[in-house]
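What follows are several structures.
The same subunit A turns up in both complexes below, where it pairs with subunit B and then with subunit C.
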Partner chain A sequence: MIDKLKIFFNKFFAKVFRKKKHVKIGLYGPPNAGKTSLANRICQDWLGEEINMGTVSEIPHETREIQVKEKINIKKKGKEISFNLIDTPGIATKIDYEEFTAFKMNKKKAKERAKEATKGVIEAIKWLDNMDTVVVVLDSTKNPYSQVNITIIGNLAARDIPVLIVANKVDLKKSNMKKIEAAFPQYPIVGVSALKGNNVDEFYEELIKTV
Partner chain B sequence: MLTLQFVAYDEIAELSSKRRINKLLTIVKKNSVVLLQGQLKPTEETALIQKTMEDISRTFKGIELCTVLPESKNKQNWVENAKTMLVRKLIGNRDGFTIIGPATVVKEIKKNPQKVELLIKKARGRK
Partner chain C sequence: MPHQCVKCGKLYPAGCEELLKGCGCSGRFFFFVKDEAVEQAKEVTENLTKVEKNQIESDVLDIVGDKFEDKPVILDFESIKIKKPGKYELDLVDLFKGRPIVYKLQEGKYVIDIISSFAAKNLDKEVE
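Showing the complex of A and B:
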């Protein structure tokens, strides 16, 4: 019952804030999909070359705390949105410190990272309630049918939060946009390379439409 | 040895979300793979992930989770969809099944539209 009331109020306030065109946009997705790379790309494109939201690494769970960048304005084709960008830790169902030792991390540091990563996942889930729009960032070289993706998107649908799916890493050979489109046919999907900047203009246009 | 424990939807139907999650996680922590009839609500799935993260310890590394739905689900017309939604409201979502396995036992659940593969970790010390 409390969950239903929460969702009702979230929907109500989401609609009110959407009209103000100053919204909270969250970046969600599994670890290593490129959420922080996309956040950095947005900041560089609209706030200036030197501004980054976080560090990027091949080691999973590099982002272990919520990062917020306020008052970003995007203008495209005469339309404009102003928003706070929230970069979240990757959502996972399991975290084993031994996974980090494979990246030449000592046992103590790996355990510390694992502990922080679990807290990060919990924070990311808690923040879902605060979002007005969510960009779900997926790695287009990986199988999109992972339950984490389905759970995140299912939750957003249940909360009536608008979703834009970004299929990242389209510059890589293994990238498979068709598979992502087949997995989530009811959502807008844009293929980008956050790292190289491929197709980001289409992403910004689609983001304005979604918000 | 891999233990599969079937949980009928009736066993969780009357429970609150919190108790459902606790019941399922208790089984998983005993190193059994849960085969649940039907599905949890989307908000329960995130609550399950959240509780899993809270409970991670030296022996419990998390879960592997997968929901399998009947293929015909998306091919229904709107009247059938409305009927299905009403039935779900009344008796819960009993379509398909959900697999929840401990990450120490289940390495990965690979899901494609047509099949589900459960990849099991090798037991330590076994050659």
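Showing the complex of A and C:
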């Protein structure tokens, strides 16, 4: 109860006194959904072509530490937002080093990666209360009804943090936007390809609305 | 609620002196286990070699970003199950609730969630 009151007052004062330029937007989602690809896309579009937030890999859990990029300005249709972007490690219920050895990584490195990925999940969850808005990045080629997706989105609702869902990888044949929309009908959803840049303008417009 | 020494598998009740000083076998790393999960925890520790137990112990410390110092460390076996080094199962519901994952007891009175203090430090430094 005290925690809930604390959260309420923190949010209340944050809303009253917060300077818009210090809004914190977090990218959350399962591993390999494309959070870092989207972060890189945002940085390239608004900070300059050479600027990246992190490395992208087909091996899950490539991002294992929180990454922060400060002071990003987005302008669309006469509206503007300024924010700090926080890219987080992918959230998973199970992390097994054998998942990485399947990519020909040696056992020692794979175990180290599993440990760091576990640490990353814990860190990402601990940071959640500090976010003003969260962009949940999902892989639109995968089943949206996963424990990870539902737990993340449910917890954001409970914390009263505004959510924008990005259904990534719409350029792939297996992508199924309708399934994502059916799973989370109460949230704004934008389908994009962070890698190829499809539909990112609509994403920026929605982001401005959500913030 | 039982606490199990990872090194020798011995069970200790909450508030027990060994949790503050370390197990009689010199172990300083415990699983905090619900009554109904005791058998599962026993199975895990029985199937681990000495090398694997040491590895898990050092991995947990690395995950929480702390050193053993002189105080035993207790891992909530419900929030994070480590069955073998490099194999983790996370209870997201517990983690989102902010329940302590790893903690230390001090002076028999205080429970300190190591990860919470660790995360708060990071936030102050990087975001504010």
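In the analysis below, the second predicted complex is superposed on the first by the 198 of 211 C-alpha atoms of A that agree within 3 Å, B and C clash if a C-alpha of one lies under 4 Å from a C-alpha of the other, contacts with A are read in each partner's own complex, and residues count from 1 in each chain.
We adopt the following convention: contacts are C-beta pairs under 8 Å (C-beta built on N, C-alpha and C of every residue); 3 or more make two chains touch, one makes a residue touch a chain.
None of these values were measured; they are calculated from a predicted model.
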- prompt: Are subunit B and subunit C a fit on subunit A, or do they clash, once the structures share the same frame?
  reply: clash
- request: Would you check which partner chain A:32 touches, where first means subunit B only, second means subunit C only, and both and neither mean what they say?
  value: neither
- prompt: If you stack the two complexes on chain A, which partner ends up touching A:40: first (subunit B), second (subunit C), both, or neither?
  reply: neither
Task: Once the structures are superposed on A, label A:146 by its partner contacts, choosing first (subunit B), second (subunit C), both or neither.
output: first
- prompt: With the two structures laid over each other on chain A, which partner does A:118 touch: subunit B (first), subunit C (second), both, or neither?
  reply: both
Field: Contacts of A:96 with subunit B and subunit C, given as first, second, both or neither
entry: both
- request: Have a look at where A:210 lands relative to subunit B and subunit C in the superposition and call it first, second, both or neither.
  value: neither
Query: First (subunit B), second (subunit C), both or neither: which does A:130 touch?
result: second
Message: One more residue to check, A:155. First (subunit B), second (subunit C), both or neither?
response: both
- line: Superposing both complexes on chain A puts subunit B into subunit C at one of 2-10, 38-46 or 110-118, namely 38-46
Query: Which parts of subunit A are touched by subunit B and by subunit C alike?
result: 3, 91-96, 114, 118-119, 121-122, 125-126, 128, 147-148, 151, 155
Field: Residue ranges of subunit A touching subunit B (in the complex, touch as defined)
entry: 3, 7, 91-96, 114, 118-119, 121-122, 125-126, 128, 143, 145-148, 150-152, 154-155, 157-158, 182
Residues of subunit C defined as touching subunit A within the complex: 59, 62-63, 65, 80, 85-93, 95-96, 98, 101, 115-116, 119, 122-123, 126-127
- prompt: Of all residues in subunit B, which touch subunit A in the complex?
  reply: 17, 41-43, 45-46, 49-50, 52-54, 56, 61-67, 103, 109-113
Query: Of all residues in subunit A, which touch subunit C in the complex?
result: 3, 24, 66, 68, 84, 86, 91-98, 107, 110-111, 114-115, 118-119, 121-123, 125-128, 130, 147-148, 151, 155
